[in-house]
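Down below is the structure, laid out as structure tokens.
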Amino acid sequence: MSFLSVQALRKRFGPVEAVREVSFAAEAGEILVLVGPSGCGKTTTLRLLAGFDRPDCGRVLVGGRDITPLPPERRGIGFVFQEYALFPHLSVEGNVAFGLRGLARAERRERVGELLAMLGIAELAPRFPHELSAGQQQRVALARALAPRPRLLLLDEPFSALDAALRRDLRAELRNFLKGLGLTAVHVTHDREEALALADVLAVMRAGRVEQVGPPEEVYNRPRTPFVAAFLGRANLWPGRVLAILNGRAEVEVAGQVLCAEAAGTAPGARGVVFFRPEWAEVGPGPFVAHVQTALFLGDHWELHASCQGLPVVLSAPCAPCAGVVPFAVTRALWLSGPEG
Amino acid sequence: MQAAVLRGGAACAGLGALVPVAYLVLRALEGGEGLVQLLQPRHLTLLGNTLALVGTVLVADTALALPAAWLLGRSELARRRGLVALVAAPVVIPGYIVALALLGLGGDYGLLARLVGWRLPRPQGLWGATLCLTLYTYPYVFLSARAALLGLDPSLEEAARSLGLSPWGVARRVVLPQLLPALRAAWLVVGLYVLGDFGAVSLLRYETYSYAVYLRYAGALDRTGAAALSLPLLGLAALGWAASRAGGGRGVGYRAGSGASRPAPRARLGWARPLALGYLALLVGLGVGLPLGTLFLWLLQDPQAVGGRALAHGLGGTAVAAGGAALLALALAFPLAHRATRGHGWGTAVLVSLPHLGHALPPFVVGLGWAFLGLRALPFLYGRLVLLLLALALYFVPLAFGPLRAAWAQLSPRLEEAARSLGHGPLGAAVRSALPGLVRGAVAGGALVFLRAATELPLTFLLSPLGFSTLATRTFAAASEALFAQAAPFALALLALALPSLVLLLRMERET
Amino acid sequence: MPFLRLVLVLVLGLGALAGAQELVVYCARSRALVEPLILRFQEETGLRVHVRYGTQAELVALLLEEGARSPADVFWGYEASLATLARRGLLQELPAEFRERVAPAYRVGDERWVPTSIRVRVLAYAPARVTPAELPASVLELGDPRYRGRVGWAPPNAGFQTFLTGLRLLVGEEGAQAWVEALRQNQAQPYPNNIALLQALAAGEIDFALTNHYYLYRFRAADPAFPVEQILFAPGDPGNLLLASGAGIVRTARNPVAAQAFLAFLLGEAGQTFFTHDLFEFPAVEDVSPHPALAPLAEELAARRPAVDLGDLWDLPGTLELLRRAGVL
């Protein structure tokens, strides 16, 4: 039994089905990242875990215990809000100490000092939230949520108010920090890079459902749906038809050529999509010809936007293309069956 | 140049309110005898009575208004705007009408005795005065608290829940501290009102300090004595103002985050719904139903008691006096509110506090101050409508100031700076950048001044041009001669005129 | 009074010659009461009347404050404020015809104002709780223990204060002080005004009240069964003090002729009939008879009133001082 187990959650707000069917699990000490476009129901799922909203059906188990009927204050779950929600009438110290009840004054001070020091903001203790920068507020919010030693930490897009550089720095810092504490966490974001970097377990959501759960590498490299494939990175998705199945690999007719793609559970004659990332194609001798429309220099490589037999394609090349027409080969491809979304 | 206009406007609003105060001190100093009389034990008793009444009314107002504010701000009833208007409606009912209605309910000859045979004691003394004043002042606390509740960021409460606080703990440790600035502002308004009110209070046979000052003036034609006796009221007003600003409110009112906040979820009432509705019905029944019912009973005694001509005259007078005062008060409060939010230093603090001091004085003393000034220094204004409007506007500036200041405070100075970087002068920048955002505050403040000016009596009596009358003065004139059938149509017309501005006031709050 | 009519005709002629004339009246009487009469005067004479309504204190203060700049022609108020203004030299002497128009019994020693209607202080009581034997013969008996807590009075009320001024004239300063003290000790219940007193009587809070006579008729007009009665005390008792509403012409009046016309109108048949029929006051002149409802009281008025000249009731400050000393104001 996993430490955190979310089972078939559903939530409607009036006519809107915010969460249709959400299940996932995380082991103790794991960071689970819920990622998806805005409006996919990830924040609602998080609020259901925290107990701010009640699910219409489904259960949430923490450490094997069903916490679904409990009010938020009895769940022992920490929450870091998107806008931090620091109490404006309390100082940083007051905010962090807010959840520390039943402790002696001295103990409380000690715990607050310890947390602030851990997060490198000890000198901010007497300040008020409006006197802090966004990054400082974020750390205070984290310290406040951690103070009562929660069993589970939920983070709702905690980096969204920060600039890109700071976000990248804090990402590493946060992962390091959470790992150091051995804390189980559920982190919500719409930023795929952040999701991939932070997650031990990645859950990709779409329209109120979890489309795929798994380790980030696996979800990135073996997406099960075109949506997951496209959401997590550059994706070439070409419609095609299965000609034959050989040793779990499919021969697919696509763009006027025959391509060998990894496939599971399909049959000859099936229609679907061939998926490959730009880095899975090699510019050079090969069966395909790309007509390059734009070439972008991205520092470590070039990105080519081209078309092949009328299908759009994105390729990755080590150097600038010398001609408008380049041949290429696809070294790895996945067969994704079902209608393309 | 433009900066000078803003500063000059603020100075006018601040110093203008000083005029009656200056008169007061001048008169008080004329005869040293007046100050000695303050030492009389009776005056100390009365001062004690006044303070006790301020205390009980503030407690009762808050106890009555907070549940209503929560029900109509945060529960499933919040969408019922009609109910909100009804609960807030007692602000437009003159206090002495509420007092007369309450008095007419009990006793051997009371409405209840004659209709159902119940002989309740008539309200009197401290509890009677508290009941009566509470019934028409609780809307100030209600409106203020509800607006603050609607503006609260719900994630603060969720954060507190996730940190282990029960709903009650959240209310006490998060919501209440957040409401405090709004409550303080409302308490100041109500406190000053109670300090200066003596009409309704005297009918309920509770002797307050203001009533003694009034009697000193009204009975003895004793201006010096009345002026000297007013000085402690001035002190109390200053104390109240200071108290409303002091205390650990650092940081309150700032929004920590930058994004637009989610509207708060509305609580489901479930089995408590009938209880909640019953509570609101009781509030509306006592605050609106009772006085309104009394007025209709009076009207039925002689529906033809008042001619259309007198009614039209009073209606026109009220529209001119209250409407003009509202516009003028806004024009004065605008630069003052600007200084208060953008200015620094104690000079600004003093300037901003002056109108509140003026507002704390009994209005009849203020009126006499203006009459005196008009005669001695501004003879071209004396007996003209302008003077009445000016006096009303300066007296009610604090009411317009509150919402305007709140509006200014929510506008980022960056907006103004942006407008200036785009080539507008300070005044233009202030107006262009802020005006759209301030419209809500301005309409709310203007409506509030209109409501109060429409029911105002002593200033209107003293400073009206010859032949001028308002619905309030006509209602009072008839009611104070026991001509209740004649008072009713004027009072009902006053309510009909005031109600739209109340509705306007409510529309100006945040969309929910 | 043919002569008075002559004055009126003369004034009207002058008015017509001078074109549209204007008259400014400072009126301490309630607008709700007297506006119909003023409108009628306007219609009959064609004069434009501007009225400033206010309490008598406000208007007196205003007149004092305004001094020679005052726009007022006529001051229309009550005995105490008129006597005060007269003594301060703010009113001008009136032609003898005005004084002669007033019934001899109500004439004022002062030549600067005239009574325009008469009121009387009475004892109102609740017949349901008071036996005839309990009715006191004198206002001075109300300090008696059997009236303990049962009497209502209105120390802030101008009528009551004038009564006390009269009491001081009749029984002396010490006697009046002793009476106030006795009532206070006897737990006389204070109310802010006469209307509140009558309502308290009806409500059952008190059994007796010292008040002016005309309010009861207004309550009876609304409800004929209003459970309150009123009587005069024994003949000559201070409790039966006469009061007056009256008018004078301001010394700096810009329009003294129109002002005289206004006073003549108040003392004329229309004015006097209005006061008694609409306001339940007694006429100040002989040739208009009181409202029928007032008849029983009117018959006894002359015999029962104490011997006090209306013009002598000016010492309001002394009375207030007395009330303050006693701690009731």
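Chains: A, B and C, in written order; residue numbering restarts at 1 for each.
Quick note on the criterion: contacts are C-beta pairs under 8 Å (C-beta built on N, C-alpha and C of every residue); 3 or more make two chains touch, one makes a residue touch a chain.
All of these numbers come straight from a predicted model, not from anything done at the bench.
J.: In this assembly, which chains make contact with subunit A and also with subunit B?
T.: Shared contacts of subunit A and subunit B: no chain.
J.: Which chain has its Cα centroid closest to the overall Cα centroid?
T.: Of all chains shown, the one whose C-alpha centroid lies nearest the global centroid is B.
J.: Using only Cα atoms to place each chain's centre, name the chain farthest from subunit C.
T.: The chain farthest from subunit C, judged by C-alpha centres, is A.
J.: Go ahead and note the Å separation of the Cα centroids belonging to subunit A and subunit B.
T.: 54
J.: Taking each chain's centre as the mean position of its Cα atoms, how many Å separate subunit A from subunit C?
T.: Each chain reduced to its C-alpha mean, subunit A and subunit C end up 90 Å apart.
J.: Distance-wise, how many Å sit between the C-alpha centres of subunit B and subunit C, to the nearest whole number?
T.: The mean C-alpha positions of subunit B and subunit C differ by 37 Å.
J.: So in the complex, the part of subunit C that touches subunit B is made up of which residues?
T.: Residues of subunit C touching subunit B: 24, 30-33, 35, 50-55, 57-58, 60-62, 64-67, 69, 71, 81, 84, 128, 156, 158, 161, 189-193, 195-196, 198-200, 202-205, 215, 218-219, 222, 226-227, 316-317, 320, 324, 327, 329.
J.: Over in the complex, which subunit B residues touch subunit C? Could you list them?
T.: Residues 40, 42, 103-104, 106-110, 119, 122, 202-203, 205, 207, 212, 215, 217-223, 301-302, 310, 364, 368, 371-372, 375, 379, 383, 461-462, 464, 466-467, 469, 473-474, 477-478, 480-487.
J.: So in the complex, which bits of subunit A are touching subunit B?
T.: Contacts found on subunit A: 47, 50-53, 71-79, 81-91, 98-99, 101, 128-131, 134, 137, 144-145, 147-148, 161.
J.: Can you tell me which positions in subunit B touch subunit A when the two form their complex?
T.: Listed in rising order, the residues of subunit B that touch subunit A are 153, 155-156, 158-167, 169, 173-174, 177-178, 180, 248-259, 261, 265.
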